[in-house]
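Across the two complexes that follow, chain A remains constant while its partner is chain B and subsequently chain C.
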Partner chain A sequence: MATVLHDERKSPRGGPDRRAGFARSGMAKARRREAVVAYAFLSPTLAFFAIFLILPLVFAFVLAFSNWGGFDLTQIEFVGLDNFAEILNPASSFVAPILVNTLLFAFGSVVLTFVASIVLANAINRLRFQGLWRTLYFLPIVTTVTAVGNIWKYLYEPSGGLINGLLNALGMPSVRFLADPDTALPSVVVVQAWASLGVAILILTAGLKNIPETYYEAAALDGAGVLRTFWNITLPLLRPALLFVLITQVIAGLQSFALIIVMTGGGPGNATNVAGFEMYQQAFNYGLWGIASAMALVLFLIIFAITLLQLWLFRQRGEETS
Partner chain B sequence: MRPRRTPWFSYLLVVAGAIAMTIPFLDMVMTSFKGPGEAGELPYKFLPEKFHFGNYLAAMEQLNMGLLFRNSIIMTAVAVTSVLVTSSMAGYALAKLRFPGRPVVFRFVLATMMFPPFLFLIPDFLILTNWPLVGGNDFLGRGGEGGLTTSVAALFIPFVVSGFGIFLMRQFIVTIPDEMIEAARIDGAREFTIWRHIILPQTTPVLITLGLLTFVGTWNEYVWSLLISTVNPDLMTLPVGIQLLQSYLDPNQTLPLVMAGLVISIAPVLTIFLLMQKYYIRGVMISGLK
Partner chain C sequence: MRWGTAGRAAALAMAAALALAGCSTGGSETDSGKVTLTVLTHYGNDPLKSGLQKMVDEWNKNHPSIQVKTQAVTYEDLLQTVTVRQTGGKAPDIIQAYSLWGGQLERAQVLAEPPEDIQQDIKTNFSTAAVGAVTVDDKILGYPTEVQTYALYYNKKLLAEAGVTEPPKTWDELATVAAKVTKRDAKGNIKVAGFGLTSGWDSAVVHPFLCLLQAAGGQFLSDDGTQAAFNSPAGKAALEFEKSLIDAKSADPAINVLRAFPSEKVAMTINAGWWIGSLKTAMKDKYENVGVAPVPGPDVGDRGSLAYGFFMGVNNKSQHKDEAWQFLEWMNAEQGPDGATRMGSFQYSVGTIPGRPADSEALADDNTDPNYQPFIDALEYAMPEPNGRNGQKIKTTLQKSIEDVWTGTRSVDDALADAAEQTNAMLSSG
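And then the complex of A and B:
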């Protein structure tokens, strides 16, 4: 993002009016008018951010350290780190299974998306009708989570669902994918991966297009095989695109819970409960605003830390190979 | 040159993947036509015995889809219009106007994109319910029966300004030549006129891209609408309503009606996506490669 800031200092319309020293007072006036207009253009945006960005962030932060019944702001009670002590306690269900589930959900689906999208993007890149393939893989991206969740709930259904229908046709017994605590989380992970494949493929195919054909020709002349070419040319040159896919998908996976609301409601038991959903329930079903806000803050810090870690890891590897 | 043989293995992979992507959607469409009790029958059948087109009318009626459509349309229309107007105005100021504090404001806009939406769920909800002087609240925001959640505004308020939108517009407005704007100023055009008659026409493709991203995002929004709908069921949107109203459906026909409702609710987005894919995909790429 740093590159974006470069042209900041350049005056937006440098030039002739600068030289007209005799008109200084007129210029000052014009400049003041320009500033007034600029802030007028920005005012709806700044007002919005003040009320719906800064105020909420402060409020969320204060609530995370408070105990509050939810009605009268004067009855907010500062409790220090009590909320964190309660939710991060080893005995609390927030750490295990909920945070563990959150990580499994995010990283499980990212690994699946990642591997599948690398393979598929490379394959698509060799074919004709690339636009058509991309569109097909993109369909779930523009589809509401209610549809994705309900479609898959039915696909997984033991009585009358497609997947069990296939299993039965192959002579295997039905599996209660979403009702069995052992299979529920992996089943939801597959859906999350399925639904986010399109964006990953889109970014990676664009990245592949940017790799100059000459590199492959040189590798072919040197007698490098398919796997070697992939490992030594495609992967390193695709690194920015890969990094982007990885980071955005991990962030999305850690915070998303709409799919879980639709498919399992966190169950059976807590088998598919994740941090975002637990926060939602603590706040809006139980009215424990302080606890819920503390959960939100913990999740935010986890996302932040994992993002930094991923950036750092990729930079390390980049220095080794270059 | 690399040998150009037909890449059979790649075809195999991509086609297998494409089947896995489309079968669930086809299963939804097929199920939406199934008759009473047919969807739960064993063994599984892909095609319905007979196409029950009446399911679609029944779904419209039993899922109260008129109301759901109304709320979804209002929410999406306001969010898209407002994002386009505020993003292009703020983007113009940040790209082409000189004013003290510009670098700070620009960095602030970039920083707003760092905060994930779930952080705002609780405080935004509390701010709306305690909004002064609406929904029976007094001027301190107390007492009423839900503040702003009594109004359809609750649905779209968190989505009317987008940090990403401002960033996107600013990046494109920067590339408009200064001479064009300068010439208009010399002709005595006011800044609002310049914005309306130079900036907007010059950035139409980006506006379409931003509009599409916002349209799809808002139409499909789930968690916030769910929250607002649980305190005020009159504000159910399509994604939320189809989920929450399932239990009111004829138990013999629940699945086909839900699927029919889903087909109806995703049709507008899917149509617009297929027609304007180029713009949408460009938006995803830009948001990816900023």
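And then the complex of A and C:
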């Protein structure tokens, strides 16, 4: 393109005005051509987004207000807000226990991951062979959820599981981790937190590396202790990384259901049932796509509201996050 | 330059068009009058895969103008695959489905109505349980390919070690035997469970309960199929019986019975006939310890069972319905060299009861394992699993209520009343 413009400006025909006019129209043409080429190159990506992102989103939105049993697109029947009335009805299990479980699952695992990753990232930052430690903590991320879930299921087994074996060796009775409705959800939360620790540690250690050493030197000169330095220097300066970890982990926790399928199937009863799993059941097992889409829309609004709240809270503390 | 720009744009547009075109083609192919039928099944592993393929190869050899192609997915992916392919215009001509999905498939008009003579053959020549499994709202959906019934599996060796020589004939006997056989370690962990109950899988939770319900004289739904009937004295007795086994620590739903029974850590459990094949493979020589008896009820002579099945139907969107029925009729109705239908022989060879009693009779000499007999007998009295609208959702609802009772979260009365209320709502909303 640049070659063409150069040639036209150097054209020997016509005076300066004509030359300027030619140049302008030439530039406009060139821009149009550039735009055409740009869109042509972008079109596969745009088509991809349209087919795999926009279209399903619009389809799910339409289905949330419809009754559809799957199979035949001509049988979609508009039902207004009926699906929402059904799932948000107090008698429905969607609000309680399913949404309550979803929030407990997400926040429980986030709190555990958050605290553990801050402690571990700080510890790793002071150790030798940091790469090795980060890799070790990152390993669960590259392991499939099915393997993680099944291994933890064996660990939790009431008879013969490693954890209960240890408890028995210490003279304590076995705990029915996944079979007891009171302990089932916390048991899965621990696994989710363990499995997501690696990413959080990776981001936080990178954040720690970005804090200039001079702040710590100044704090030391002023006589600040370890805890005070951590509270007044490390935590505030780590805030962008913390916010990123918090938001992504909360969203992942609210959407997560693979671990639930593998470890408990939502049971016993509805003790570990979460929104993602219930949606999957409603759509693919019960053929109730309208109900499943309405649930997805409600979950989307919850995730959206929580994310906005998190951003607002962090900005209130006077920290730019971008 | 210009040619380059236009050329690239055209090439990209063409690529996009081709990609889109690739997404939208579907249906059966015809090539110079030759018809190709596709059959979608969950027979993805041997011996099921090779057994079906053997029949298809025989058909293809003798019917050059109607060729059949099999496509297999896992059982867990079967309904999902049918849904997606049906919606996406890539529907298979013949679909194999679990009887419980019948209501869902029928409501969405996925399956074509069988020709009159085939309907008559099914109604007349298949067992009551098989016909019930493929009937929704008085409509036949397809050929029953296999029928499963339930019975009580027991480990003779474990029972004998506790001085028991006969399988229990009543619930009281079952509870006594279970308590005798159960072994625990010093910490109270169950080493051998007298009775096997498993949570987390709908069939493993609901089907044994329904067997006990029938054995106590109850039924799942009312005769007209419009109301839940399990919230009855029989239903309460059946669930209280299961709970009493858990309270007595003779059963523990945290134990995976499918793993623990073959490793001789569970003495008795209720399961379907297909399990015989799995037990033979898993237990090898120890399979000789396995016995099968009818599921007992509160009194001597009471017995209960449940029947479900799989069937093959023709897709309503198929371009070649006549050819598809022709193939299904050849496989399911025409006698093969051994006097049974090809499907009957195939199912029998993998340890499954064929839906057509004549097949079982023709092949009876081939079977020397007495453990099959209680499942064959149960064909006569087993309650068909209700396969009407919202069948899967009703089953999952009942599963959760039963699990709540097992874990002590809810009382039997509360759990069954709630499940019945939800079931009635689902039956009327279909």
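Note that the second predicted complex is superposed on the first by the 283 of 322 C-alpha atoms of A that agree within 3 Å, B and C clash if a C-alpha of one lies under 4 Å from a C-alpha of the other, contacts with A are read in each partner's own complex, and residues count from 1 in each chain.
Here is the rule we go by: a contact is a pair of C-beta atoms (placed from the backbone, for glycine too) under 8 Å apart; a residue touches a chain by one contact, two chains touch by 3 or more.
The structure presented is a predicted model; accordingly, all values stated were derived computationally and were not measured.
With chain A as the common reference, chain B cannot sit beside chain C without a clash.
Of the two partner chains placed around the shared chain by superposition, chain B is the only one that A:R31 touches, whereas chain C remains out of contact. Within the superposed three-chain model, A:L99 lies out of touch with both chain B and chain C [touch as defined at top].
Of the two partner chains placed by the overlay, only chain B lies in contact with A:P56; chain C stays clear of it. By the touch criterion defined above, A:T264 reaches chain C but does not reach chain B. When the shared chain is aligned, no partner comes close enough to touch A:L238: not chain B, not chain C.
With both structures placed on the common chain, the touch criterion links A:I118 to neither chain B nor chain C. When both complexes are overlaid on chain A, the residue A:R176 reaches chain C alone and has no touch with chain B. In the superposed model, A:Y286 lies in contact with chain C only, and not with chain B.
Here chain B and chain C are compared by how many residues of chain A each touches, and B touches more. In the superposition on chain A, A:V110 contacts neither chain B nor chain C.
Clashing C-alpha atoms between chain B and chain C appear in just one of the listed stretches 20-28, 74-82 or 128-136, and that stretch is 128-136.
Chain A residues 4, 37, 41, 44, 51, 70, 72-73, 157, 159-160, 164, 168, 284 lie at the interface with chain B in one structure and with chain C in the other.
Across the complex, chain C meets chain A through its residues 1, 5, 8-9, 12-13, 15-16, 19-20, 23, 79-80, 82-83, 86-87, 104-105, 107-110, 185, 187-191, 199-201, 252-255, 390, 392-393, 396, 399-401, 403-404, 406-407, 409-410. Only residues 1-2, 7, 9-11, 13-14, 17-18, 20-25, 27-28, 31, 39-46, 85-86, 89-90, 92-100, 102-103, 105-110, 112, 115-127, 130, 142, 157-158, 160-161, 166, 171, 174, 178, 181-182, 191, 195, 216, 219-220, 222-223, 226-227, 230, 238-240, 242-243, 255, 258-259, 262, 265-266, 269-270, 273-274, 277, 280-281, 284-285, 288-290 of chain B touch chain A when the two sit together in their complex. Those residues of chain A that touch chain B in the shared complex are 1, 4-5, 7-8, 11-13, 15, 31, 34-35, 37-39, 41-42, 44-46, 48-49, 51-53, 55-57, 59-60, 63, 70, 72-73, 116, 119-120, 122-124, 126-127, 131, 133-147, 149-152, 154-155, 157, 159-162, 164-166, 168-169, 194, 197, 199, 202-203, 206, 216-217, 220, 244, 248, 251, 255, 257-258, 261-262, 276, 279-280, 283-284, 289, 292-293, 296, 299-300, 303.
Considering their complex, residues 4, 33, 36-37, 40-41, 43-44, 47, 51, 69-73, 75, 157-160, 164, 168, 173-174, 176, 178-181, 264-265, 267-271, 281, 284-288 of chain A touch chain C.
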